[in-house]
Structure formats: C-alpha cells, structure tokens
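Below is one structure, written out as structure tokens; comments come after it.
Per-chain numbering from 1; labels A, B, C, D and E assigned in written order.
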Amino acid sequence: MSDAHSDDFDLEDLYDEGIEPDTESSSERLKRAIEMNVLAPARIAIADWRALVGGAILAFFLLMGTVGVWLVKRPTSGDAPVLAAPFESLAYPLGTDVFGQPIHAQLIHATPGMFKMIFAGAVVSVGFAAIVGVVAGFEHGSRIDSFLMTITDVVITIPGLPLIIVITAIFQPENPYIVGVFLGIDNWPGLARTVRSQVLSIREESYVEASEIMGIPMTSILRRDILSQLMPYVMINGALTSRRIIFESVGLYFLGILPFTTFNWGVMMNLAYEGNALTRPDMLPWMVAPMVCIFLLSFGLVLLSQGLDSLFNVRLRARHVNSSKKRTSKSNTANASQGD
Amino acid sequence: MTPQYLLKRLGQALLTFFVTMTVSFLLYQAMPGGPTEAMRSVILSQSGGSVDIDRLNRMIQLYTNVNPDQPMHVQYFNYASDVILRQDLGTSFFKNEEVTTLIMQRIPWSMFISVYALALGYSLSIFLGVMTAYREKSRFDSTVSSLIIGLNSIPYYIVGVVLIYFLAIQNSYFPTGGRIGSGIAPGYNPEFMISLVKHAALPAISMGALATSGALAMRGNAIRVLGEDYIRVAQLRGLRETRIATQYLGHNSILPMYTQFMIGIAGVFSSAVIVEEVFAYPGMGLLMFEAVKTQDYPLLMGTLLVFTAISLTAIFIADLTYTFIDPRISVGE
Amino acid sequence: MSSDDSVLSVDDVSVKFTNSGGLLDMFGEKETVRAVDGISLDIGENDVLTLIGESGCGKSTLGKTLIGAQKPTSGSITYRGQDIWEAKNGKNPAISFSEIRRSLQIIHQDPGSALNPNQRILTSLMLPLKKWNPNLGNEERKKRIYALLERVGLTPAEDFVQRFPHQLSGGEKQRVVLVRSLLLNPDVILADEAISALDVSLRVEMMDLMLELQDLFDTSYIFISHDLSNARYIAEKSGGRIAVMYLGRIVEVGPIEQVIGDPQHPYTQALKWATPNLYGEEDDDLPIRKIDIPDPTNRPSGCHFHPRCPKAREVCQREDPGQFDAGDGHGARCFRVDDTHEYWDSPSIVDD
Amino acid sequence: MRTSNQNDSDVVFEVRDLEVTFGTKRGESRVVRNVDFDIHRNETLGMVGESGSGKSMTSSALMNAVVSPGETSGEVTYYPPDGGEPISVLDLDEDELRRFRWGEVAMVFQGAMSSFNPVKKVRGHFVETLEDHNRDVEAGLERAHKILGDLYLDPDRVLDSYPYELSGGMKQRALIGLALILEPEVLVMDEPTAALDLLMQRSIVALLKELKTEYDLTIIFITHDLPLLTKLADRLIVMYAFDIVEVGSTDDILYDAAHPYTRSLLNATPDLKAPIEEMQSISGAKPDPVTNVPGCSYHPRCPMATEACKAQEPPMEDRSASHRTACIHHEDVSDEIPIPAKPMEGELQ
Amino acid sequence: FDSSGQTTDEESTDSNTDSSSNGGGGSGLADDTLDFPAGRPATDVQFNRYSLGNYAHTLQDQLFEEVARGYADGSVRPDLLEDMTVDGRTLTLTFPEGFKWWNGDDLTAEDYYIGLEIDRLQAPEESPIESNVLVDDYTIERTFKTAVSPNLMKANVAETFVNTPRSVYGEYLTRYEEASSDSEREAVTSDLLDMSITTQQLIDEGLGNALYRVTGFNSSETICELFEDHPYAERTDIPKVRILPETTSDVESLAVNDKLDMNPDVIMSDSQKSTYPDNIENVYRLNWFRTQKFTFNFKNEHIARLPIRRAIVNAVDFESMVAAMRQAGTVGAPAENQTALRSTIHEEYLGSDFVDQLIDYPVGKDLDAATAYMEQAGYSKENGTWVDPNGESFTFTVLTQNNNTQVQATKVFNDQLNAFGIQTKISTVSSTDYYQRLQTYEADIFWIWHVAKALWHPTAYFSNNFYGIEVGDPSSGGETGPTGKPFTTTIPNEVGATEIQGSGKEIQPAELMTTLPNSTSAEEVQEKTRDLVQWFNYALPDFVFVEEDSGYWGDTSDFSMPTGDEHELNTNRPGEFAFKNGWISSNSQ
C-alpha cells in the first residue's frame, strides 16, 4: 500500500541496521554508530530548511569553537588600540574593547566554553531525563515509577532560575562543565515526563509486547524498540535545552553572579554594561557583538528543533496514516505534551 | 473534582515546599566559611573598601559571642519550625530586618510587573498561536512564526537592555530604572500613576517576551486541534465561526498548555531576578539578587522559599482551575 | 478433554486489574475490574478455540493469560502439564519458561503497530530466530524466512524483507506478523482480532491462510473476534470450538454448529441476532432490554447478564448460574438449560 | 419482499458531475470522479465500497464539506420539502452554507467517537447548535429529551454528562440525537457504527429504522458492512475506485448484482448462513487516486476483463428501471461469477 | 500597594516636597536642589552603628558631624571639634557650642562620649584606651593605656562621627556600666546588636545633626532639607538636597542625562568628560590616600621565591594597567616607588633621600630584568613558558572582584604575565565571594585596595590585614601566617640593597605593624615605617601599582562650588566636606 507520504523523507532509512547483525564487527558497529548519531541527523537536517539553517548556524559556531580558536590568536590586552571602532582594520573587524582586545577574537575564544557548558548541561539534563523517563515508563505503576514521578513533580515546581542562582551563588563554579551541570538541574523534569509518556505509549504498541512474548531480552527491546523511537524527542529537547542553558548561563554571567576565568559572551556584556556601554557609543560594539552571537546561536538551535520537530512529525503522521484511525488521536495527545 | 484529588495535589505541594526548605537549609550549610565569615565578607563588600577592619573584627567577635553556632540538627529543627509554624524566615544579615518584612514590602511590586507581563505575554501567545494555526502555511503564518522564533531567540534580559537603550537612553520615553520617579507623591493622582506605569512598562515588556515563548507550542496545539473531528463536526453543525474559534479551537488548544502556562507564571515571576536587576526595579527579584550579591543567606533562602511558594500556589491554582477548563482531569491523570 | 493430552489448560483462572496508586494516592478509592473471572479451559493439539464477545468482556486478557503473557491473579495455567508461572519462578522446571515462551505466540489486532516501524522486515524476522536458533547460520536463517514468506504469498521475499513496515499494505503486514510467529514453531498462537483491521475483502483470505498453516505447522489457535461471522468461519472451517464471553466469564461454549445453530444463552442469541445475514429477513426487535453494557467495575449481581436479558427472572438477580451442560461438549451458563431449575417458577422481572 | 417507497419525482438531492480532487506532491488526486446520482425523499440510501473508494468524499460533498485542501466541482442541488426553491449547495456563500448545514442536512460521520467537544457537556452541544441556528432553545431541549429517549438513553443523565463520561455506543446515539435536533430533512451517516460492538451496531440500525419513520428522514448510510446495510437500506450505491459502479434497490443488488465487483464483494462478505466454501476474497490491490487506470477501473482485478474493458470507460447502463451499472459485460455476469443467491425475477418489480 | 510597608516610606517623600520645585531643567531635577549620588537607598539602611548588617556606611557621612579629619599632608585636624590637644597619654577633645540635633537637643560632648565608652566597655581588656572622661558638656578626656605619638592619638578619632545620640544610646551605656560580668555585658551587646534605627525613625526622632536633615525618602531618593538651627545654615542658599542611591540607580546615565549636580568624591576621567554635559566640571582634584596593589600568597612555592616576585613586578607595565582602569573611570597615576606608602606622605615619614636609596622597580616593563630574575631562581623557558627548576610548569590563579575597575587592572596584569611566559588564570568573582576568598587566601595573587584606614598615614598602609599587608598573627604559634609570609624575616642592612650582605637585619613585620599605631613618638613612627618600607621594597610581599586621585565634580554653571582656593579641601570626600560646611551655594540668584 503506498500512501501519500511514501515519497516524503523517511527516517526509517536512516536506522538501517544492516543485514548481518550477528556477524557485525566492531568497525561495522562503529560505522553504524556514526550512521545513527552523525550522518542520520545530518541527513535529517538537510531535508528541512529550518533544520538546515539551524544546523548551519550551529556548525558555524562549532567551527568557530574548534577551528576558529586555532586560526585567531587568543586576545590579550594591548593587542590593538583601545576601543577601536568596527570595520576599521582587518586585525579587528568588529573593533576592540577597553583593553584593546579585538572583539571578534573574544567571541571566538568564548565559544569553546559555551559549548562545554551546553554540552554538559544538555547531556546531564537530557540524559537524566531519559533515564528517569524510561525507567518510570517501564516500571509504570510501580513504586519506582511513583517515586520518580513524585521527585520529578517536586523539581518541576521548584522555580528553576532562583534555585540555580542560589546554587551557583553558593558553589561559585568556574569550570564550564560544572556550570553546565548546575544549569541542567532544573531542566530535566519536563523532559522526563515527556519521555515517560512516550515510553508508555510506545509500550502500548503491540510490537513491544510481541518482542516480549517472543522472548527477546529486555535490553534489546529497550534499545531497538524504545530508545530508537525516543530519539526524536531527545534530540529536539536537546536543542531546546541547549538554548535554555545559553540563556541562563549568559544571564548569570551578565549579572555577575557566576565567577569567570576566561572569555565568555555574558562576561563581555557584563564588562561592557558595567562600563556604561549604553551611554558610550564607542563601547557599544563590545556589548552588541556577544548579544548578536547569543541571538544567532539560540536562533539556530530553535530553528533546528523546529525543523527536527516537523520532520519527525511528518514521519509520525506518515506512520499513522497506515495504522488504524484510533491510534492517530492517541499520538496527538502524546505530541501535545512536548514543546517548551 | 474529587476531594481525594485535591488532597493529593495539596500533599504534593507540601512535599515540594518541604523539600525546597530542606534543600535550601542544606545549601546554607554547604556554603563556604559559615555564616560569620559570610557576614564579614558582606560588610566588607558593603563598605566598598573603607572599613576599619579592627573595628569590624571586634564587632564580628561580639556577634559570635552572642550568637554561638548550634549543632546542625538543632539549627534545622529551629529553622523548619520557624518557617512552618511562625512563617518566620529569619533576619537578613545585611539589612538587619525580618526577611518576611522585606519580602512583603517587595512582593507587590514584582506582582505588579509580573501580572502585566503575563497578561501581555500570554494573551499575545494565545492570540498569535491560534491565528497562525488558522492560517497555517500562509504568509501571515510564516512571518509571524519567524518573528516569534526570532523573539524567542533573544533572552529576555537582552530585550530589556535593548529597550533601555532605545527607549530610555537614546530617547527618554521611559526611565532607565526605579519604580517611581523622583519627587512624585504617591497616591491616586495621575502623575503618580503615570510614573508607576512608565517605570513598570519596560520590565513588564521584557518579562512578557519570556511569556511569549508559548506561542509556537500554542500554534502546534491549535493545528492539532484543527485536525480533530469535533472541529469538523462543529463546522458541519453550522456553528458560528467565533464560537468555534474560542470555545472549540481556543479552549482545546490551551488545555495541554495550561499547566505549562501556570508553571510558566512561576518562571516569569522568577525571571524578575534578572529583569529587576537590569531595570534596577526594587521588587522580589532584585531583593534576591541583592541577597546573592551580598551572600545574605537568610534572605536568599527566604526569597527562594517564597519563589517556591508562589510557584506552588500557581500550580495548585492551576490544578484547581484545570477542572473547570478540562472536566476530564478529575478522573485521573 | 483431559489435561493430559491438552497443550494448555487453565483452571479457575481470574485476572483482576486494580487501578494503581502512587505515593500520594492513598486517598483514592480503588476500582477493580475482574477481566477474567474463574475460567477453566483446555486447548489440545491442533485445536482451535474461538473467543467472542463484546468489547471489554475480557477476551484479550483471557487470551494473554492463556499464552502466559498475563499473570493471573488466581488459578493456574499449565503447558503440557508444567505450570507456567511456576516454571518462571521455580527451579528446574520440567519445561523451562523460555521454552514455554517460545511455544506460545501472539498475532495482534493492529498490523500497523505490530512491527517496529524503524526496522526492516528482515531485522524484525531475524531477531526471534537469532534468539531461538543461535546455532543456525545467517544464510540458513534467511532461507527459512524466505521460504515462509513465499509460503504466505509474499513474493519475491528478497524484495519484501528489505522494506520497512510502512511500505507494506495491511494485509501484507499481517502476513509478516504471522510468519514471525510461525518462525518460532509455536504450539499455540493467539490471534487477537488478527483480521479485524483488514478490509472486508481480505479477511477470508487471511483466515484461510492461517488455517492452512495450522495444518502445516501443527499449531493450535486461540482466535479472538468480536464478529460472529468471522468466528463462525474459522470455527467451522477448523472444526474447533467457540466460546462466548460476557463480563469476564464464558457464558457459552461448544462446537460451532451447536452454539450458532442452537444458542442456549440469551446473550449468544442476541449476538446472533446482531450478526445480520446478507440474505433473509430478520427480526428488528431488540432481543435485549438494555443496549449498554454494565460498568465492568460494578457488575450486576447474580447472572451478570440479567439486566439486559429479555428472559430474566427473579432468580437471575440473586443467583449466579453455573455452567450447565447442554450436551456434546456444549455448555451454557444459564438456568434455562436446566429444565428442572427453580428458574422456571421464578417470577419474570421483564416489565414489558 | 421489500418494497421501496421511492418516487422518482420527489428527489432531495441531485448530484451531477461531482468531482473531488486533491493536489498532492505526486500529482492531482481525483478521489471522486464524475459521479451522478439522485437521492429520493424519505428513502434510506446505502453506500458501500472498499476503503478509500470515495464514499466519504461523495457524502461530504452533499454539504459542501470536503476537507481542505480538497476541491469540489460539479453540481449538487438540494430540493427543500414543500417545493421550495432548489438550492445549489456548492454555490452557497459562507453564511448560507452555515445555516444549510445541520438545518437541512445533518451528518454523523466516521470519527463519531470524537465528535463532541471534550470539554463541553452534551447539553452545551445541543444548546449551541440551537442558538447558532436561531432556534428556540427551550423547545429544542424538550425535543432533545424526546429524541434521546427514543434512542434508549436517559436524557437527563446524558445531557448533563461530559462526552468522556459516556460509552462509545452512548456517544454515538447522543450524536444521532444531536443530528436530529434541528429536524433536518436529510441525515448522512458515514460509518456511524464502525467502531462499535456488534450488538450496539445492530441495535442502532434497528433504532434508525424507527427514527426514520418518526422523524420523516431521508437517510444516507455509508458502511463497509454489507449485511448490516441490507437490513436498513432501500437502495444501494456501490462505489469502486472513486466512482459509482452500480446503483439499484437493495434486492437488485443482493439478488441480481450486475457488476463483477459487487458480486465479488458479496462473495467475500462473511455470513453466518452462507456456506463457507463459497466465500472468497477479492485479490489484487485497490486503485490509487492519482493514477488513471484506462478503461474500466476494475479491469485489473476483474476475472471477466476483456480488451474492451481496458479500452474505454464503461458507461452507466440500465439493467432495470431501478437498477443501473457500469459494466459492459453485465449481461454475462450472472454466469461468470456466481453468488449465493440466484436472481429472483419474479419478485422484482 | 497600600498593604506594603513601603507606603509610609513613599509618603514621607511627600511631606515637604514642593511640587513647584520639580520644574526640572538642564541643571538637574530642580534648580535650587542639589542632586548627588551616594550610598544605598535609604529604604535599605539603618542607623544603629552597632548593628552588623545594613549599616548606613555612606549615608551617615552626610547626616552626622565628623569629629576630626585626616588631610593629604598626613596631619589630622579637628572638623566639628573646636580643639584637640594632647597631653601625655591624654587626648582632650573640645566640642563647640551651638550645634544641635535635628530634634532640637543640644549636641554635646556626651553624644560622642557615649560611643567612645560603649566601644571601650564592649571589650575593656583589648581596648587601647584606659578611660574616657566627660569633663563637662563640651569636653572629653581620652586617656590611652600606653604612651602614643600625638598624631596617632588624634588619628584615633579621625573619620569618626557624632552618631550616638544620648537619647538612644544612653541607656545602653548605663547598662554596660552596671554590668558586672561578661555574661551581663554580652546580654547588653546582644540587645544593642538587635536594635535598629530606621531612616523613618531617624526623621521622626531627629537623630541626625548635620547641616541637611532628612525629610523624606524612598527607594530611589533621599530628600534632605537645610537644618535651619545649624550654625552654618546661614552660609548657604540651597534649601534642599536630593541624594540618589548609587547602588540601585544608574549613576552614569543620570550624569550623562544631566540629572546630577555633583559627585562628592569622584572626578571625571577623560572618557567620561566627553559624554557628560558641558556644564559639568572637575571642581577639585586631590591626591587620594587610596592605592591599589596585588597581594602575593607565599603559600605558593614559586611566589615564595623572591626573584619570582621581582620578576613579576618587572614583567608588568603599570602604565597600561592604569590606562585600562581609566577606561572604567578610575583616575590615578602609576605607582613610581614600591614603598607601600602613598607618595604624598613620603616626605613626612621617609624623606626623599631615603626614597632615592630604595630599589627602583620600573613602572614600565623590563623583560630583560624579569628574565634575569627568573633565571636567577633557576627557572627556564620552554616553548615560551617558564618552568621551575624541576622542569614543572605552573599556573598562578589571580583573584579579583567582578567590579569593572578591578577587572580591568587584573586583566592587563594577567595578560602581561602570560605574555612574559608566566601562566596565570584570572578568577573573577562577585564582591562577597571575593572577600570570602580573600580572607582565606584561596588564590595565588590577589587584587586589593591598599589602605586600611581613610588616612594619609603609615598606619593606613601598614596594617596587618589584607587592606594593609597581611602577615598574620605572630602569637598564633607558626612561622608564617595565612599568606605564608614569615613572621620573622631578614632584610639587608643597607637600604636599597638588592641582596642581603652578611647576616642582614632581622625584622618582624607583623609585630612592627601591630605596634605602629601605638608608637610613642613621631620618631618611633618614622623609624618603624622606614623598616617596614625597606622590607616592602626589598621583599615585595605585595606590590602597589596605582595611586588613585579623588576630588569632586559638579555643575558649576548652576552652583558655585569651592575649588580649594578659599577652603582647604585636601581631605577625603571633598565635595561632601564642602557641602556639609555650607560652602556650596546656588548660582540662581
């Protein structure tokens, strides 16, 4: 039966597991892992303009944070005239700050820290959410489930920003990874609930029951039947979580609540703002440049998540066209629960 | 709604409050140096580099003689019973005033801007969400959606900074900060009211920017609801468009977001910590910010607890009112 | 049929579902559904049992209990004399639990959701083989799969196995699912509404295929349906039994000719009425007093059917009829089967 | 046998050249193709056909309610009772259409289970329908009580319930009640019973028969379930591949089906009484709305197909006064494809 | 908003506000109202100076008379006092007549005496004071336990205020006097610590005594009006003053938008001049007592090595550090000599000959010298980075506050060290955390101000705490204090020698610093100061890089402000000094 969507993009193709699973060598496994984790998302990205633009922006910043730091010298004070205006010299295309440090170089050297923070925060919150959600979903109705969900509800209701502020004020983290972890603290519960409800609905799918009845081991069911289905949600939420972590971290640096040791967009804003950049036009580029970066990166992440969302939704819809009508409404409610 | 359900939600709220209280107590214990050290640092930083250290040390010593540290469990017990039985959050290190009093003074101001921000942000997100869903894939939809994505990509505090720059510094339409103008007598006179609104406008708008983050999710919901059978049947039934738009589409697309909206209230309220600092608007948020800056732990914990209480109240109200907008809820999750 | 030559037998099994409470749920009142209520049954080799009944009457639950996918609240299920749940928990069972697992398979109602949408057909079919025939070579496995696929008419098999589920039609998917369960060489297959989702024009073919394979593989079927004509087709073609369920109980069981031809229970009669035939007039008067099924959490006293039964009498309200033998392996849970029962003297409770 | 009370002069709906198309990525999808038919006042018209054959689209077109982005063209003329001015449904403006819907033609459609606004009590649905059609709410609710009673429902309980508090069968009947609240002329029922239990389906069909006479309705009933339909319908339309292949009285179709598809369908339909040996399914795949099969759309699956079938699209031909079919071989069909029942010449009018 | 306690505060603003004076105009919010920034909002502070938190440190300066002041030449002279004389161990303070509290009470010596006595009685054993005697209503005799140099005795009361009105504190003093045991005394202390004088109370009870009295306040301003009963009230025609909180309002944009008339203790940097309105001028410029330094933590084994410290000082260019600070509004000059003293008082305490002899560290950078020092210590450069004699690399953590000026200086310092090949990591934390880490010395190098008292006096610089040069408490038993600096150390015999010849001179800096304030004579002060200076110059326990300038700016077109010609202004907060003395008047008439 070919349906209207069969010529649409198929994620299923991306999860091609190969024909000989048992003779799979480690290099093949690696290949498959690359396929699933790198190439597949990349291919997804190309299929939707939002994902494409979002991915491009993300890639741009990633390049900035990896290659950029090699190409552009780490700025130090006195590299160039103080508070030079933008577009005057190729050595400092965006101008310089009060130390005479080129602004573009500061932006570039702030990127790795930003990504470390995002990475740690996203991994921690998404990972934690996934674990809690999957466990709770799997043990649905058990004590573990209600325990985990009670905790989740508790954390969900504690206002995140004040809590994070209190924690960072007390522990004064300097390491970007740790900052990321702290910022991830309030992020997981929403996703954990989503994952749980997803697991519950996936568990309802008869193929999971069939796998169980065929005696397929639980780990295998988890991996093949459940985690692969959760990937879209995890990826979309990863992007949104990253955006939140950028907002919060930059905000806390901007306010001077987080201690800093190296370059950081929020710190640039903080120093410029404290230096009264708003009333001093020569300082404005110092203030505005990091703002633009934050905007661009989070714009990219939102676009990416939007793109992924619509792609995955097309896929879900495509699937539901084929299955019974009763199901469609069920998956709708499941979808409805996600979003920022 | 069953009383059981109510009790359960109430129990949940109390549990959360208790957990937050305990966590904040533990954090208090985890802070480096202990309260005396913190107090010394506070006063040092307060006096900006020109305090007579000897005199300060004498004072601190006097203080510790008078208030020796107690064992942790005793402290916890005292703290918990103060908070729960007497609604006493302790005395600020820094301001030498009851934390409760300080908070009570500030809350109305934060409420003021938050309520405006929420009204602004939520009505806008619901309106835009439904409108874009109605016109899905039209130019209107893509323009508005892109704008929303763009707006959501700007942190609200940057919105605040940009507003200050253009509307307060480049053009003095609004003040850069504070909550009322100098030399204006409070009362129900127009001058005061205008000043009040002018000072609240920019903070409220930047917080409102945060509240519009729901617009896209709203759009998604509305699109899904548009695909529901009952919308089609309502159209077949020849119901008026306005009724379908509000009672069918609007109402049902808000449902999945309702709790999020309510949690969002807490989020928007919490964003006061940053927004009020940017606008030097002396509300709860600035109070907390000052507490952070000065490591005024009793105040910090007090504000955290109050933020939590507000969040819990919002969610509890959400739960209660949810039954009115979604009757299905009372039968279970 | 004695339990010696039966593959599966259940004895007085009940399954209860209680809505579960969370940490803070202690205030909530619990509601219990008796999805299966004291049922005893035997399934023999090459046997076909067809379960029919209204939605929610417990067909699926009974079916899953039979194949060991649902643990009963009480009662026992034995597979070739080995208690299934003892095999799972006990030490050194005569037949291991995993062996039992393999022998009892399921085909779901919805072919759309019975296959992992992210896996190619080959992967979905390989997995169980890999699990159960670890010694088999890869080529060997493929050969088996291809052979079976071609046997159910999915040719060329090489092409089909490379597809994803959404690239197959409903009928094709259902065949793949059938192949998947047969690959394990099971003794019993539970076909839970296996054809309801298919287009009317495809149902007969699918049923034929299943029966054909039953002969080939020596499997028994538990066939669940809410449609009497499909049930009758299967039962009659295979010479199996049919069991009518109502609110967790089997109210009538027996060979097809007798149950359909001479239904004893008023509920079976109503079902028969509700299954119109293409040809021939039927009575339009409702043979039941109430259209709606009672709340399963709060079942009527006595005979559960009495509030809807057009022949209900006072005794039905208070007394629960046991199984009455109507001869030839035909039994019904109705006083009317027993000519001497006090029922006949009891006053009618039907008003009109 | 059944006597149909049809009267050619009293037509409620006249459908001519009805086309419904969707633009898809693969090209234009013609899901209803050039369909002509009439609906007679006070008849029950049944519509059968494979899934996806265009039944729902055709019936939606009667209310100009094809889901977007579907395009409807052709003519759909509605003749009000008492000889009022005929209405061209596809030309109505938005407001006229709004009043026409439910007031003249009501529809109970496939997704009935979710046809109610989940957050509104059933009473609210009745009230708003009355209000938006400017009817007297008091009187309307009184009527609602009666209708619901006729549907074996407890009116007060049902009206004061939220949809989720009702079982599927109750919801379905409440929806039928809602459909009748404005006293429409025509009731279109698109698989109203598909999701229900056997007993409930049959009960509803039994109720419908009573309602029809009591409320003077014209009913269009769409279903896959041919046996059920035969218990209700006066006339049947058989659709295959987005077009009508056969129209006739129920008996015409049951005993003298003239199209090979209809006959195969009859054979494929499980039946308690039919000998099981005679049952067989229709092999082959159903057609795709985007591709155009040249000639008769059924020829790829038809056992009687000849070159002529591939060459041209068969026109509708009269088999009897009440019976028309689109098969050039309809003369030979009785011999080629036997069906359980033999034609009963004598009993046909 | 009625329910909030704020209402009363807000309303009080109104009590004497004449709405006609709100006309505004280019010169500020009102023509004859002097608007200037200071301190924190009056809503946030209280005026019990014994209460730990929230004391109105900055606002009190405007509202209470100051007893005596230090001047940039190093002298301490009376302010409110009519006279202060030294006779042996006794300092006699003579108060003028005619001053009043805002509530009408006479301001007498007792109002000051009470504070002195409470201070002493809180810890009588530790206090350097033997007794305070209230001789009559206008005279106090303050007797020290030991002989102290006269200047130091005067300095003891400098920068103190008459802020303990007898009507409030009298009862506490009585209770202290009556207390017979430590625990009784502690009970009084406890009560005193808990007491609070809110701004509203200050207004209602008239508990201030300066020229302008507070009449209203809210979170964004404090309104003061001329106190007509003040002896100086005749001097000025400015009826009203508005103090805008520095911490919550954006002073910079207020200034740029011409909303301020004066900044009492700050002068504009060049960069600010360009953005401020034209009518704003720097009125008076002063060589302030404050300098800034980097403190070395000797617990770091590398820093503990003298050549490394010298290399660091040689490797950095003070001029560029100061240049960066100027961008943030700090005005000052690079420190020319490493004496630890502000150069203003070199002459008084050291003499130019002595200063000339000292080791001369370059203000700019001398990388050759720095390299030589590193190599001298056995360090070598690998791939542009210095490694220690064992070949191990090392990184110094430099702690600073996330305040703009501090960050600027530290950042440049940091970058220059990195450029030289000494790896450093800058750690920028918020103010309170900074003090927290500063007190526990959790870093290797710290930025910090260098001045422990608001005085141009060696005791302000050689003070055994982090504002001075912290060595630690020698009685603690170890050999070094929290900074790893030894209690006993050796310096060359000869002033200015870079290395110790022979046995050298053994000194105990901590000891010296602790006893410096109790020196019995000016000579002893000089002697100890010279030892300490030589130690500082030789051993570089810390190094000073900038000497700040202060002064005040104002709107000279609307107001006439003293420039220092007619009045001596070379004292702390000169703008405020002028204002409190009634020397500022409006140009409107």
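Going forward, a contact is a pair of C-beta atoms (placed from the backbone, for glycine too) under 8 Å apart; a residue touches a chain by one contact, two chains touch by 3 or more.
For each chain, UniProt lists the protein as follows: A, B = ABC transporter permease; C, D = ABC transporter ATP-binding protein.
What you see is a predicted model, and the numbers here were worked out from it, not measured in a lab.
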Going by the contact rule set out at the top, which chains touch both chain A and chain E?
B
Can you tell me which chain lies farthest from chain E, using the average of the Cα atoms as each chain's centre?
D
Centroid spacing, where centroids are CA-atom means, of chain C and chain E in whole angstrom:
89
How many Å are there between the centre of chain A and the centre of chain C, using C-alpha atoms for each centre?
47
What is the distance, in whole Å, between the centres of chain D and chain E, each centre taken as the mean of its C-alpha atoms?
93
Intercentroid distance (Cα basis), chain C paired with chain B, Å
55
Residues of chain D that touch two or more other chains sit at 111, 114, 285
So which bits of chain C are touching at least two other chains?
24-25, 169
Chain B: which residues touch two or more other chains?
12, 15, 32, 169, 228, 292-293, 295
Could you list, by residue number, the parts of chain E that touch chain A in their complex?
250, 252-253, 256, 271, 275, 320, 323-324, 327-328, 402-404, 407-408, 411-412, 415-416, 418-419, 425-430, 433
Residue positions on chain B within touch of chain A in the complex are 12-13, 15-16, 19-20, 23-24, 27, 30-32, 149-150, 152-155, 157-158, 161-162, 164-165, 169, 213-214, 216-217, 220-221, 224, 227-228, 256-257, 260, 263, 266-267, 269-271, 273-274, 277, 288-289, 292-293, 295, 300-301, 303-304, 307-308, 310-312, 315
What residues of chain B sit close enough to touch chain D in their complex?
228-230, 232-240, 243, 247-248, 251-252, 255, 325-328, 331
Given the complex with chain A, which residues does chain C contribute to the contact?
20-25, 67, 69, 98, 101-102, 104-106, 108-110, 112-120, 122-124, 126-128, 130-132, 138, 164-170, 172, 177, 180, 184, 197
Tell me, which parts of chain A touch chain E in their complex?
76-78, 82-83, 98-99, 169, 172, 174, 256-257, 259-262, 267, 270-271, 274-276, 278-280
